[in-house]
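Two complexes are shown next, each including subunit A; its partner changes from subunit B in the first to subunit C in the second.
What follows is the complex of A and B.
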């Protein structure tokens, strides 16, 4: 008995030695990559750009904050993305650790060629969480976007991440799309993916503007900002949506959280309708053998700003403003949907999915040639806007200025 | 090994020979007083603290008599007043007419002269030696083969003082002392039912320590009581100096980090346990009283839980459960998450932790091990060191393992927080034994975490739970009422329900008489209701 116990103990102890802590990595052995850029080089290879944080530069005063840049860029070319990432260890003292990836920027040229292949690694690798946002760099290369220093948020990746979230929430003309959502849309026949666009605007000499000096200026010469939505057909970029189209996309796909809409007053001037809640129901149906889409949108909001003389204390005025908003908004929606149908001919709204849900049999017939059907699809939009509050003052003081 | 065995045997033989030689081949008292005195002196090796006082009792005819007692263990004043005084005064001549034989003298003394409560007759050397050495007075008469054992225990005692280990804010403050008699009295004072029974045994061949077994007849489980007796009778040891000796001899499982015998130095705790149907084992010479059977949850319950309001007690008890987990797992979770599962941390926290680790030369495991070891050393030093320099240790401790280590870049600041949190959590448990087991188990958990990550922690934890579920304390499953699940008993496990809802006694402990009282929830009396 004693012998067995001794042997077991020794074996257990030896066992824990043999593991060698096989995938143990200390925190200071990680190159924490918060943003990654994918570009296409001229010779058809991938150019992978990794933005790695320098922790001691970001977290507080420990180590003195020696004035180093908060992030470091590592770049490598490769036939495949994985190859390029592993190659980075030629330059990086630590292995790229992408678990905390927050932004993936895809270069426009690569997006046009197709993003499916390079995304396989990112969805397959177990080190990656799929909760990072994907964006397409518009007019610039992804690497350029990643090289811009930012202020307020020291890490550019965090800046982009927060920026996108705030903007998608408060303005609703950008779309925060995560990897799994993107892949779902790519494979779905009834919905095509849309990604937000990101642009870098670099003025002046690159050597100074892309250095820390950039953030030392109040009006930074180099900026990155989100702009427009990229429309994809399967995994290929085919065009960009303008602001109204982008907003339309967000409203119809129920992504709108809050935004503001300018509405005209009856006697000239403008008022602002602030959307606080928007709920759209998309229903597909087959009428007379033709597919049709009914969209019912319920919007709640406040009067955000009044730049004209109206009497807000009267119910009629409120009703009038509601009507005005509904008319204004509906016009934009109808117009934008039409434009998208005609110009891009891809179903980014998921109308196909809606028909699939209501009439799966009809869908199986329509599916094959959906893009064609989408083009001629009849879309009925119902919009109902309500005003709940008028803010902290009643009638505008403008009324009293004589 | 062989060598030692032989030697032991030889010793035993020679000791027995000496016993019999000195006892003159017979254990019984002799008629000749001088021979008896001689014998006793021989048996105790003429020890100087054994007082032998010879004198004459003036009954009509004077009789030679002698009293023996151990100096320091007896109440000298009482001997003076109630034995010597009465024996040596001559005004009892009137009553002596009844005396016809020497034996009558003895019963006459017992019945008429000695003004003492506890008197028993003894006939053999063996039966008089232990009382003599426990503080009784032995009276021998010439020409009489019997003697009297007179209870005169006294001597210096620590007295009842406030408990130091199980402190409460609300509740009685007094604690047990080293004196068995005082301790039984402290319990009796709380439970006045005649059903509170006390049985005593002498355990320890040389120390002859008094061990009391206390229980409430009718509530106690007789099977468990029988088992306690059997296990205590099985003990064959030369000395019992503390109840820990007994605990180790009667506990169910030696190779377990968890204690299967509960102890307390608070009379109110012991009284409460007795009322639940448990059995208390009191040992002379220690204020620590053992309680069996012990359940895992009793180590997490503090007497104050029952003195405070129920809702507050419940919250505090949940805090205690939480702190067990912190004390056991905090360092290992830190190691596992930072070295294997960094993706689990929020990005901001990860960067901040990574920044703290910049320049730390050791892996997180070594770092944690160093800090935990340093803490254990400090804790032990604080305990063993003379109280006067205790404050010095705490200053050095905080400076060394706190600030300095971080500033020197040997450990990261987060690790200091984790270790400090663990240390404080381990002091939350009311029972010191369990908190020691948890402190000890922390280290294997850290090793598992360092080699297998969270997976290792889970395997270790599951093994721990399995082990806990196999344990039994005197036949009662250790983890009850959680495993096996007993619904009625859950009222006093994670929660403490109001007093009036504690209707039944713990099911597995008290088999009979399970209902406490028919108590009802208090509510305002409605007018005209009665």
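What follows is the complex of A and C.
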């Protein structure tokens, strides 16, 4: 009897301890933030924009909800980011909950002034994981990007997230960068960060296009799309890469997954080389006391499209197309690297890290003014492209159109 | 000692294994990367090797008088007065360390999971089960370790396998850039956490084990397995996170688990994986607390150490709350003070015991 009473007492005591935690927060108390925007206001403060999901609108396909917008925007200004986020409770009935953040958009003007300071909060706060993508809004403010309703993906944040992943995989001119990588690049003396750019294109009256009407039209008047890559020097935006330079960046840093390349045919017309596998090895060396970079790129792919008269049944034609691809691509690579060296003078490719890896002693001397060294660094590019398949037909029917 | 309980060699092996993984796996990688940069994994290998040697030393000391636990051995070899003084120091060290474990759990939970929960609530709950376990005695504890062994190994294997796809070999290059000195410094950090404190097991080995020879092997095996796991995790930290993030993170191995992403499907499982950490730290806390209670009761010749569990436990909770004002203070302690502190009990005490034993033998002859 005594034993039972003791056990019961202990159990009751334990029960009181296991009721939950002090800071339990139920789902209906959270403002789940999927995207966040950081802008700079005219008076030098941060303008934080949080895109919060409206759970009743996106729940299920039962057509539930009263046709409200799937997301809602809260905005607040503050001298620090944290201050602004906490201030949002003035307007938001729920506390901002950023654990499921997918996209962070940084306004161009803020990026030019430096992104280091506002990013500290995002790496320090326990509610944030580092698995969200960071992008810079080009030509528009971050808040404007976040205000565009999207179709296909109801929540704009998911649209941007998926969009960026798909585009980085299939076209390889955008770069999906997560916070960890960005921070590592910012502090590393041998590699400078690159972020993808995002733009909003808003036609017509903002009152109607930024409403639900936008997604009711087939050709939506307001669009968001990824465009170009932003080059950073430490944490400051200094310029934008064009498409060829962006692709070059992705190939050299081994981020290219798949893309297509136009190649010229010998007698006019074009063919398309479809990259299925790309692998680059960057090696740093010191030759005659000067740093040098050897890049060896192995590409595998298919013939994707033939818009000229060639005989694909012959081995020589395939060899010829491979050569032609190699020549074409190498030209672009060499040119783009040169342009980046001359125009931006920052090492976005991680050549400094490559030298650091092979020759740490030389690197400790070079590191001090690496930007200067990078500018007149000799870069040797080796490219080897293989064609594995030609698709489901051999010779094109174009050959037989007389 | 009324404790007639016995620990099998297999149980001792698991006990040493879980104990050694304990706090080490979460906090030391950051400190080691701070010193040895990308060569921290080399330091871990050196440290693990040194740990095995130290275990050999402990086994040798334990075999001097197989029926005596470490504190009895101190009294026997150093004489009653000096022996008791040494034991008071030993107790103090073990007791402060057990509070430190409680602090670590509280701080971890508060930083990553429940920032608004008052930390004393977590401290009390954690200490409660530690005290409960120690009250039950070493035999239930070692049986518990057998139960915990499977989930801990399983979670560790999941962590290691799941993170392999994220490995970036470039992160450890260039090898041996920092030179020998920082690597040795980092190895010392590793040794100080990983093996110098296993001197505690001289309270269990050999006086409380069933077969001495086999138990010695179990002791050694436990150290070796734990060493392998820790070297692998240290290496993965550098390989996946890179030097910068490993150093910057308060708990790099937790950040490592955050990185797991298999096909966008198995992600965000870090809290689940942290379970193994909680389990191993619990074992570490239990061993520290058990040792401090037993040593304390032996100093004052208390018949049954169990009576002292609750009072010392309460002191432990309070001590854990006032030990450090914040994690930075704990970091400074770990970096600068812990090594000399633990060397006294973990290295000098056993060596002195060996010397004393030799002298006694000669005198007796």
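Throughout what follows, the second predicted complex is superposed on the first by the 380 of 402 C-alpha atoms of A that agree within 3 Å, B and C clash if a C-alpha of one lies under 4 Å from a C-alpha of the other, contacts with A are read in each partner's own complex, and residues count from 1 in each chain.
Assume contacts are C-beta pairs under 8 Å (C-beta built on N, C-alpha and C of every residue); 3 or more make two chains touch, one makes a residue touch a chain.
Keep in mind it's a predicted model, so treat the numbers as computed, not measured.
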Q: Mind working out whether A:382 is in touch with subunit B, subunit C, both or neither, as first, second, both or neither?
A: neither
(Q) Tell me which touches more residues of subunit A here: subunit C or subunit B. (A) B
Q: Return first, second, both or neither, reflecting whether A:151 touches subunit B, subunit C, both chains, or no partner chain.
A: neither
(Q) Which partner chains sit in contact with A:262 here, subunit B, subunit C, both or neither? Use first/second/both/neither. (A) neither
Q: For A:97, select first, second, both or neither according to whether it touches subunit B, subunit C, the two together, or no partner.
A: first
Q: Once the structures are superposed on A, label A:129 by its partner contacts, choosing first (subunit B), second (subunit C), both or neither.
A: both
Q) A:358 contacts which: subunit B (first), subunit C (second), both, neither? A) second
Q: Would you check which partner chain A:9 touches, where first means subunit B only, second means subunit C only, and both and neither mean what they say?
A: neither
Q. When the two structures are overlaid on chain A, which partner does A:30 contact: first (subunit B), second (subunit C), both, or neither?
A. first
Q: Answer with first, second, both or neither: which of subunit B and subunit C does A:58 touch in the superposed model?
A: first
Q) Which positions of subunit A sit in both the subunit B and the subunit C interface? A) 21, 23, 129
Q: Can you check the complex and tell me which residues of subunit A touch subunit B?
A: 16, 19, 21, 23-28, 30, 32, 34, 53, 55-56, 58-60, 62-63, 97, 99-100, 102, 127, 129, 158
Q. In the complex formed with subunit C, which residues of subunit A make contact?
A. 17, 21-23, 126, 129-131, 180, 183-184, 187-188, 353, 356-360
Q: Provide the residue numbers of subunit C that touch subunit A in the complex, in ascending order.
A: 111-118, 121, 125, 170, 173-174, 177, 241-242, 244-245, 255, 258-259, 261, 267-268
Q. Subunit A touches which residues of subunit B in the complex?
A. 338-340, 342-343, 347, 350-360, 363-364, 447-448, 450-453
